[in-house]
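After this come two complexes, each holding chain A, first together with chain B and then together with chain C.
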Partner chain A sequence: MFFQAAVLAAVAAFGLWLAGNLRANSEATNIPLSYDYLGQPARFPIAGSSFRIEQNVRSAIIVGVGNTARVAVVGIVAATLIGTLIGIARLSTNWLVSKAAKTYVELVRNVPLLVIIIFSYKALFLQLPRPQEATRIEGLLVLSVRDIAVPWSRVAEGKAPAVLGVLVVAGLAAWLVARWRRSVFDRTGQPARAGVASTAAFVVITAAGFVALGGPVDVTSPQFDEGVVSGGIRMSPEYAALLFALVLYTSSHIAEIVRGSIQAIPKGQTEAATALALAPGQRMRLVVLPQAMRIALPALTNQYLNLTKNSSLAVAISYFELTNITKLSIANRSPAVPSYGLLLVLYLALSLTIAGITNLVNRRLAVGDR
Partner chain B sequence: MTTRGRRSRWGAAALTLTLALAACSDDDGGEGADPTSEDGTGGETEDSTGITLVQEGSALAAIQERGSVRCGTRDALPGFAVLTPDGDHVGFDADFCRVIAAAILGDAEAVEFVDLATEARFTALQSGEIDVLVRNTTWTAGRDGSEGATFLQPTFYDGQGMMVAADSPYQTVADMDGATVCVAAGTTTEGNVASEFSRLGITPTEVLSFPEPELIQDAFIAGRCDGWSSDVSQLTGLRSEFPDGPEALRILEDVFSKEPLAPAVADGDTELAQAVEWAIFATIQAEEFGIDSTNIAEFAESEDPLIRTFLGTAEEGGTFDPGLGLPPDYAVQVITQVGNYAEIFEEHLAPLGLDRGLNTLWSEGGLLYAPPYR
Partner chain C sequence: MSTAPMSPATWVRHNLFRNRRDAITTVIAAVVVGWVVFQTLRFVFGTARWEVVRANLTLFLVGRYPADEQWRIVAVLIAAAAVAGLVTGVLTKRRRRAAIADDAPLPPLPFARRLGLIGARYWPALVLLLVLLLLARTSTPWVVAGAVIVAAVVGRLVGGALPPKVGIVLYALPVVLPFVALPFLTGPLGWDDWGGMMLTILLATVSMIACFPLGLLLALGRRSTLPALRGLSIGVIEFFRGVPLVALVLMSDVGLGFFFPRDALPGRVVRVTIAFTIFTAAYVAEIVRGGLQSVPRGQTEAAQALGLPPVRMMALVVLPQALRNVIPALVGQFISLFKDTTLVFIIGFLDVLSVADNVIQQPDFRGQGLFAESLVFAAALFWVGAYTLSRESQRIERRLGVGSR
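Up next is the complex of A and B:
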């Protein structure tokens, strides 16, 4: 007890002393430690955003957080889907499928991520056709070394609240239908088909609402004119290369977690499911996977945090996420120590947010409360 | 005593740790420093990280005691500083490191070259990891004011320019509305491009920045960018090494920023600053007098009192010592061991295809002007 207190005091004293030295030395060398620079004009542009150089450093960092989130959210969803499929494929009884999955995992997870990122940028996305010779599928896709554009939908002006209202009502209806189907199942034992029924309810109500509003959502498809792309949604090759590499790399790790979690489910569960005459697909979907995901979730959280933090390697290929913008801002006269301090805090906040969300899911999945 | 004197070695170690962490530098900070070995004497002490930290007295005294100048430079800037396969640092910046060592220590080879990434350069200067920064660094008010650096006589007056493919339609920067421009990361180049475009009333589609010049080159070849912007001297160097040959690229006439590349020392040490500055002046003054490494022997018996003073030739009343902390014959050491400004330029920058431009003597309409040595 005394020993612990002493260690704590020593650590605290060490920290204070470091802070004191930082202060003294920054005064001696005239390097500011305050956060006043956040209000200064940024003086640098950010590729792929409407950011103007007159805007302040704070806005630039907000753009950075947004860009990190953009790659992290899409990356986490895609890596989870692909990783889970590959994890299941590794356990396939089909020799070819399981060996192919194994090859993928071993090939990808043993290569440093930075190498994958630079490889995907140089060997894939920089090899796309030049802008004037872009590959196009009319109305669906424009693909060149500068733009990757696909159709996208935009809510028509002034109709955002109405659209939101329709979606909320549809979501509520879907939830009620699902509850009703489940209660029917509990009472009668008839197949519930809750997923199908609630999706149908959601689609029908949304469609009806949109018809009533007179088409509040415009679909824009990418247009190509002399090398210039307009309409649709555009991904820069840097974003695409980073996303591709992060998903490739993280899904190889997720595949191993999913495989391990499935193997951790006692064989009796599968045998019992077989005894109940469930088809192999149902066995996996209804019995094994729900239990396996419970085991996998804490380990998956780690992968999600890794993916988010690994996005900082985008510095190598000029995608302007949080770290890259911080470095850019330091090169343009923001003080290094406060800038990196802020960077630490922002990554901490992002990580805690992700961990918080997965903890919520974990609590819902946990055994015992239902 | 200077402000540096107030720094304890622990303080410097802590700052080094923090900044090194920040700059992802290689050293592992001052965790291993041992308080009991603090001797409190002047000069320098070596801590376990291998970083020598100044305690008392000036950095100039520390250099003289150590017997070498730690010079922050880069190993991959063609013409300015390149690390050869034999481990030699060759280039314009590297030679000015040697000029400084020759002036202070009388030995041009007494230089420890420290290769610095762009974003680590000021941190290295602030933490005392290097004595002087000669690394293609533009002197700006912001850096002078908030990076803890004191800039000295520029060695090269440069300006930012734009390079495009030889077969591209662009003739001036004003033609480049909607173009994508690639630059090196960690510099103010991106901001300069954006300011110049907005001054011309046009907008670039994107300004991309890469930490590795190789990747800029790849992106440029792939057609990802229309323009490649950097200081004209660097563009000339990069063009000379372009895989498809220099004819495949064209440097536009426009020069849209002032980039005086100047050496820098840490704030608060005027003695070292003076010594470095006069070492550079010696190369300029030598060119003005027409003295170079091949003909310096002829000037030993010169009757011209200005030249006799400059070369520290012994007089009846003793040699002239301005009190800069440099040996009286420092100019002789600089010229014989390295050369005058023209020789350094001709050796490293002329082969890239660079003209002297602004970097000629004031008497020939350039900006090189050394104060009188008397």
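Up next is the complex of A and C:
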């Protein structure tokens, strides 16, 4: 009891000392500690957004959060897909494939992420041809030092709810068909082709819906005209470089997690699947991976958190996400301590959100096996 | 376990052309891998212009360390090699004795085979050393490398000849070394002028040493039964694990100064070291906590039965076992830290990455697009360090796993 009180008193004294220093410094330098600056005009532009310099600092930070989310969400999806593939490849019986995957993992994992980011930006994306001489595959890809553009879909104005409705109905139908085919398979033992049937149902209903709505979605492909790119979705080289590096780095870590989780599945599972005459692909997809992913999820969560936090390395290549905006706003007379305080709190909130979502998924997955 | 040797043809059929699908995969993979390997080789031995690295080798390795003081670095390298050799020698001898006591003496290996084993274990470092020597434009590095190797070999031989009882004195050497070496190296230039690989190693080593006591306290605090202590520790640990290191590094440069008295503001290197230390301490705390949980309950109960007071029970019974179990994880954390020190690039320190970024702007090389060359070299320096450490950590893990319980 006495010991506890003494430690707390020491910590409190230290905290008071810090706070006292902070107040003294704030007064001496005339830099305030309040959050009033959030309402002030930002006085700086943000490349690649419609942000105007007379908007306030709060809006700038919101733009930053959006940009962090933009790189983090795409990065998490891509890194998971690529990492899983490479993790599986590492366990391939094919010597060449497993060695190539291993080399990839060992090579990427042991180099600092910041080195990869700078390399990807300065040695790859900034070395792309000038806008006038962009490398392009007609209708599919435009690559230049100013724009990286690929096809994208666009929903016609006002028809978004209808499109969503059609997709939901189609998805529901596909699910019902799959259930029906599976029950047929369970009853008769005849091959029921659940996957083919449900895909067909989805495609037919979607197609019918789209015809009925008069083509509500059009795919826009990037058009190139004298160095000006229009249509499709365009990425700045900063965004592309950051995304590329984050995916490269994180996928090498995810590959190791996936490999470990697959190896943790008892061999009997694979053997049982083989005894049931499942093809190698089915064995992996239906038996091994679902169980492995359950084991992998906590470690994957960590990687997702890392990727999100690592997106702050964008500071080095002027992609304007949360950290970079904060840095920019401090350079434009926002007070440093409150700004960084807000930054830390926002990252904590982001981390807790991602951890919360994956914990939810984790609980879902855990139900049913014990 | 060992299978009968396969003939090459059988091996190829078994590992590359098992069935039709496998054969198609092999062909596609061979094309892709072949293309990547070809492009890499063409870059490294053909199109790459390594002059930019060659001209700045000193800058990459030691930053702006004054030329007439560089003998200090050489002295530290030789001392480190000698100590490493000495410890290896004593450890090997102890292992041999233990093996003899177990009636399973290790047969002495022929010299060539031993060299082969060392080559297999340290090939990345050896290749890097050779590359550095070949890139060097004077003969001094050759002499230094020779002296370091001689020191290691002499240390190894002396260590093998010492009586195995020297124990504790000997293990103190590698621990004491950094505390002697750092002031010795800092002497002529002060903290804020370190650069290149030396700055990277300085930041990683000092932060790792400094974060350990803090991490240990946080871990013990989190396991404590006193609610206030536990809450405080959990708060600190989770806070620093939830925020990006970049934010802390930036803050150390601009914001941290506000928390110090105006006349006692530490230098930039010290401030950034504080950021690295606190950040890593949070992770080390979690690692140590894992180690504490891995010590079986019976150990504490036995210690209590012997009447040990809590502090001595922790220090003499629980912690030694807990720490031993988490050595590999701690090495892993050190590797992360080693890689993360590149973040000082963002606040304009002259570390390896910023040297690589800066040398491109020199008058001789400006506007020639040599980013790939200098960044690949920087990446290689880090890769060799991190890869070697991670392999060593796996070795420790395997050795600890055998017969630990």
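We adopt the following convention: the second predicted complex is superposed on the first by the 303 of 370 C-alpha atoms of A that agree within 3 Å, B and C clash if a C-alpha of one lies under 4 Å from a C-alpha of the other, contacts with A are read in each partner's own complex, and residues count from 1 in each chain.
Rule of thumb we're sticking to: a contact is a pair of C-beta atoms (placed from the backbone, for glycine too) under 8 Å apart; a residue touches a chain by one contact, two chains touch by 3 or more.
On a predicted model such as this, the values are computed, not experimentally measured, just so you know.
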Notebook entry, point to check: Which holds for A:Asn110: it touches chain B only (first), chain C only (second), both, or neither?
Noted result: second
Check: Is A:Tyr239 in contact with chain B, with chain C, with both, or with neither (first, second, both, neither)?
Finding: neither
Next item on the list: Considering only the touch criterion stated at the top, classify A:Ala24 as touching first (chain B), second (chain C), both, or neither.
Entry: both
Next item on the list: Determine, under the contact definition given at the top, whether A:Ile330 touches first (chain B), second (chain C), both, or neither.
Entry: both
Notebook entry, point to check: Between chain B (first) and chain C (second), which, if any, makes contact with A:Phe202: first, second, both or neither?
Noted result: neither
Next item on the list: With the two complexes superposed on chain A, say which partner A:Ser312 touches: chain B (first), chain C (second), both, or neither.
Entry: second
Next item on the list: In the overlay, answer first, second, both or neither for which of chain B and chain C A:Val97 touches.
Entry: second
Next item on the list: Considering only touches as defined above, state whether A:Gln4 meets chain B (first), chain C (second), both or neither.
Entry: second
Notebook entry, point to check: Can A:Gln127 be said to touch chain B (first), chain C (second), both, or neither?
Noted result: both
Check: Considering each complex separately, which residues of chain A are in contact with chain B in the first and with chain C in the second?
Finding: 18, 21-22, 24-26, 28, 118, 122, 126-127, 315-316, 327, 330, 336-337, 340
Check: Inside the complex, what are the residues of chain A that reach chain B?
Finding: 17-18, 21-22, 24-26, 28-32, 43-45, 47-48, 53, 118, 121-122, 126-128, 130-131, 145-146, 228, 236-238, 315-318, 324, 327-328, 330-333, 335-337, 340
Note to self: Please output the residues of chain B touching chain A within their complex, sorted ascending.
What the structure shows: 3-4, 6-8, 10-12, 14-15, 17-19, 21-23, 118-119, 122-123, 126, 142-143, 145-148, 178, 180, 182, 185-188, 190-191, 193-195, 198, 204-212, 215, 218-219, 222-224, 266-268
Note to self: Which residues of chain C touch chain A once you look at their complex with the stated criterion?
What the structure shows: 15-16, 18, 22, 25-26, 29-30, 32-33, 226, 228-229, 232, 239, 242-247, 250-251, 254-255, 257-262, 335, 339-340, 342-343, 345-346, 353, 356-357, 369, 371-372, 375-376, 378-379, 382-383, 386-387, 390
Next item on the list: Note which residues of chain A are touching chain C in the complex, please.
Entry: 3-4, 7-8, 11, 18, 21-22, 24-26, 28, 92-97, 100, 106-107, 109-116, 118-119, 122-123, 126-127, 305, 309-310, 312-313, 315-316, 323, 326-327, 330, 336-337, 339-340, 343-344, 347-348, 351-352
